[in-house]
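Naming follows writing order (A, B, C and D), and every chain is counted from residue 1.
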Amino acid sequence: MNAPTGRMTDFIRKQTYETEVLQLRRRLAKVHRILTAGGMWPLTKGHASARIPGTDKVLILGHIHATGRSLDQVDVDDIVVVNLEGEWLEGEIEPVDERYLHLEIMKARPDVMSVVHAHSTYATAFGVADVNILPVGNRGAIFGPSVPILQFDRQIDTPERGRMVSDLMGKGCAVVLKNHGVAVASDSIENACITAFALEETAHLHWIAAQLGPVQRISTGEVQSVLTGARKAEFFAHAWGHYAKLDPWDGMNRPV
Amino acid sequence: MNAPTGRMTDFIRKQTYETEVLQLRRRLAKVHRILTAGGMWPLTKGHASARIPGTDKVLILGHIHATGRSLDQVDVDDIVVVNLEGEWLEGEIEPVDERYLHLEIMKARPDVMSVVHAHSTYATAFGVADVNILPVGNRGAIFGPSVPILQFDRQIDTPERGRMVSDLMGKGCAVVLKNHGVAVASDSIENACITAFALEETAHLHWIAAQLGPVQRISTGEVQSVLTGARKAEFFAHAWGHYAKLDPWDGMNRPV
Amino acid sequence: MNAPTGRMTDFIRKQTYETEVLQLRRRLAKVHRILTAGGMWPLTKGHASARIPGTDKVLILGHIHATGRSLDQVDVDDIVVVNLEGEWLEGEIEPVDERYLHLEIMKARPDVMSVVHAHSTYATAFGVADVNILPVGNRGAIFGPSVPILQFDRQIDTPERGRMVSDLMGKGCAVVLKNHGVAVASDSIENACITAFALEETAHLHWIAAQLGPVQRISTGEVQSVLTGARKAEFFAHAWGHYAKLDPWDGMNRPV
Amino acid sequence: MNAPTGRMTDFIRKQTYETEVLQLRRRLAKVHRILTAGGMWPLTKGHASARIPGTDKVLILGHIHATGRSLDQVDVDDIVVVNLEGEWLEGEIEPVDERYLHLEIMKARPDVMSVVHAHSTYATAFGVADVNILPVGNRGAIFGPSVPILQFDRQIDTPERGRMVSDLMGKGCAVVLKNHGVAVASDSIENACITAFALEETAHLHWIAAQLGPVQRISTGEVQSVLTGARKAEFFAHAWGHYAKLDPWDGMNRPV
């Protein structure tokens, strides 16, 4: 009958926040399973993260590799909470050492809500050969004008190293880490996952074409068309139905 | 006892027409599922179309991509009707934007009853490298003397752009669209599907051979032999049993 | 009580012969299923044959391709009998047109009991690029000093054309047919099957190596060691257990 | 009540030893199944061995290839015992001819507890082209500065030939045998298995990159980081969960 007391309001707000975070955890765990099933981090593994909206907190994978577990069964309890400085706030498992790769990108880019660090084969090979991946084919437009390569090839396990990745990424969505792997960033968990796949598919196509002759990138007109308005939204929306099916647990569609 | 009245004749004719169109829809839906299962349009998807014989109407895929659906479950309700000018006549889902790729080929080529637009990997790579696919191996003869490449790399979503594809195809059966995909045409739904697969297999073989040395195309005598008489019929007939099995729904053989 | 009359002996001999031929048919049908499952003749298909010991009769695949059937379900009824001149003696289905490829090799080579005509991808690519497959790796020794390439690229559907293949093969076990496929021969049905796989695996390895640097063939000492005595028998015997499992029907081991 | 007699102590010691050896046999059999499932020795097969700690005895695969058996079902009874001189001590099946490859490495390297001889495709191709595999990507650090190639291409079936492999390996963990395969060594059965996979994955990545441009190896700093302390342990521990799942029998995790 009466308006809720302040304490009640706080309770409801807390309940809502916890529901939202649980939902984010579910989506983030799912994306780990999908990236594993899709071969984006063959056994050397990787990790994805998600910013909790409106906070300086970030959900990230715990260091479950240490127990010899494969990433194909990541669940919500494997996701822990850190702040943007990398401090471990919640969760049973220590966050992954390379969390600074994720956090420094998020600090520099308020638009980035999710980061994926993968070790996809073809993209990694471009780093080994020091050749920049060009925007080619249907999935390449978002990688124009080309994907930069971090020459430093060690673990990204300090804030300073994280900033090297963040600086090189600039306003782009992908960086190749020489002899190591890739980092991609996007505005949602699912879109970061799609970007990781798109980078590998683009690298693969570039690689195939490079053995036939000089590679010709997508025209500027087409790149701009893909990156704006309805086509940008479609670029990601059309792909999710496909990748969601890779989840070994349920193949259910994108969580609302 | 009496001859059917004019109204009855009309009714029977309408029934027959609707049965034929339903059969075409079934075959067209099936071919979408087969091309998806066979990897001819990895996640960026594609579409196939079929002319309704004796009319200016064309069956084509609705824009089901917009709902995030994968093409591995296309059914008859996902197929809509347009006329050769691209106007949406029947069906619940808006026809795909790139319908003009299909329609302009059909307008220019009365012999073409079906068109497929795919994004097959190796064929697309030839466009990226600006190298023409040559007729090589067992499946290549229909692509002689070589497959032209459309330099324009944007969506084929207007009649003008559709005519660019149609003009380049000429009397051939295939065009590579730079940084985009391919368009193939044939005299039936199943044969257009087979042509899409044959183009990718030919591109793959050309690609493998090109890394060993200069590619030598099929002799003129053999090309002509494949393109005439019994061997032309066999070229398609022998292949259908194989591809029909890719259909995740039933693997049933070619519809009569 | 009495010794069997002449008529009885004839009856027993005929029974034995028919049992032997049925056994050969079973083995030959099985090898068709295995070669199909192993990808040795992608949809353009192929065929294998077997000489009936002590006769001028040969078991060979009927032209079941004409019905759109895939070769993954070949059974004994799909195998027909021809003589070495190519005349159709028994069976419901017309023998394949290219039977002369098999028969001319058998006429020239009494040691050859079985021939396989396949369209395996990598071996065919060597014909397209006009590069001879060299004996490399574990499976290559039997292909030394190198695999010849028939420049003529048309169907092998006459005795004259069959002799072109036979002449080129000489005392070897394999020929690449430019822009067409391969022919291999051996002393049993199973060994011809193994030879077809070994040729493709050797071509694949040669192809991978050729992109790193000049290909170095197996030493003469090792080639001779593989081709004589116990190691020659082992070359084939060790492999059969592996390939027999590809049979979609039973995976049973080598028939005695 | 009384302390066990000497005979009882011997009995217990023997029981413990037999339990340990059975456990080693189980792990060694499992690794054969995993290497087969992972494609490390396509049909030409291979073998793994394990030193029995504190003895000069070695567990090694029996020559089950001779019966045409595939290695995907190796069980404890297929493992036999030899001494470091290659003499057959226990087991129903004759040990493999190439046991000297294993034994000479173990004689020269007390730290080596397990050896794998495989015929993995990409690593073998580097031998065919006489190009040394470089340490690249996430799995390559243990192969620095590069993997030597044994020019001798025959069977390693004598102690002298085994010493050629052992001498070339030196303090490293891998050797490529030209036109033959590879030999890898490590401090446990599971780590030798992981090393065999890592060598093939590194060769594959090197091969992909080599077609884009000159291959750049991992920096010395990163190599040293991977080879020392916690990261060295993690290099193997993180991988085992992944490979253990390849076992067709159970997918159970690393035996304690």
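Methods note: a contact is a pair of C-beta atoms (placed from the backbone, for glycine too) under 8 Å apart; a residue touches a chain by one contact, two chains touch by 3 or more.
Composition by chain, UniProt nomenclature: A, B, C, D = L-ribulose 5-phosphate 4-epimerase.
Just so we're clear, the structure is a prediction, and the values are computed from it rather than from any experiment.
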Chain B and chain C share one sequence, so how far apart are they rotationally when you fit their Cα atoms? Give it in degrees, rounded to a multiple of 5.
90
Between chain C and chain D, what is the separation of their C-alpha centroids in Å?
36
Round to the nearest whole Å and give the separation of the Cα centres of chain B and chain D.
51
Contacts with two or more other chains, residues of chain D listed in rising order
210-211
Let me make sure I understand the interfaces: which chain pairs count as touching?
A-B, A-D, B-C, C-D
Touching residues (chain side chain B, partner chain C) in the complex
136-140, 201, 204-206, 208-219, 221-222, 225, 234, 237-243, 245, 253-254
Of all residues in chain B, those that touch chain A in their complex:
42-45, 65-70, 119, 121-122, 124-126, 128-131, 153-155, 178-181, 207, 210-211
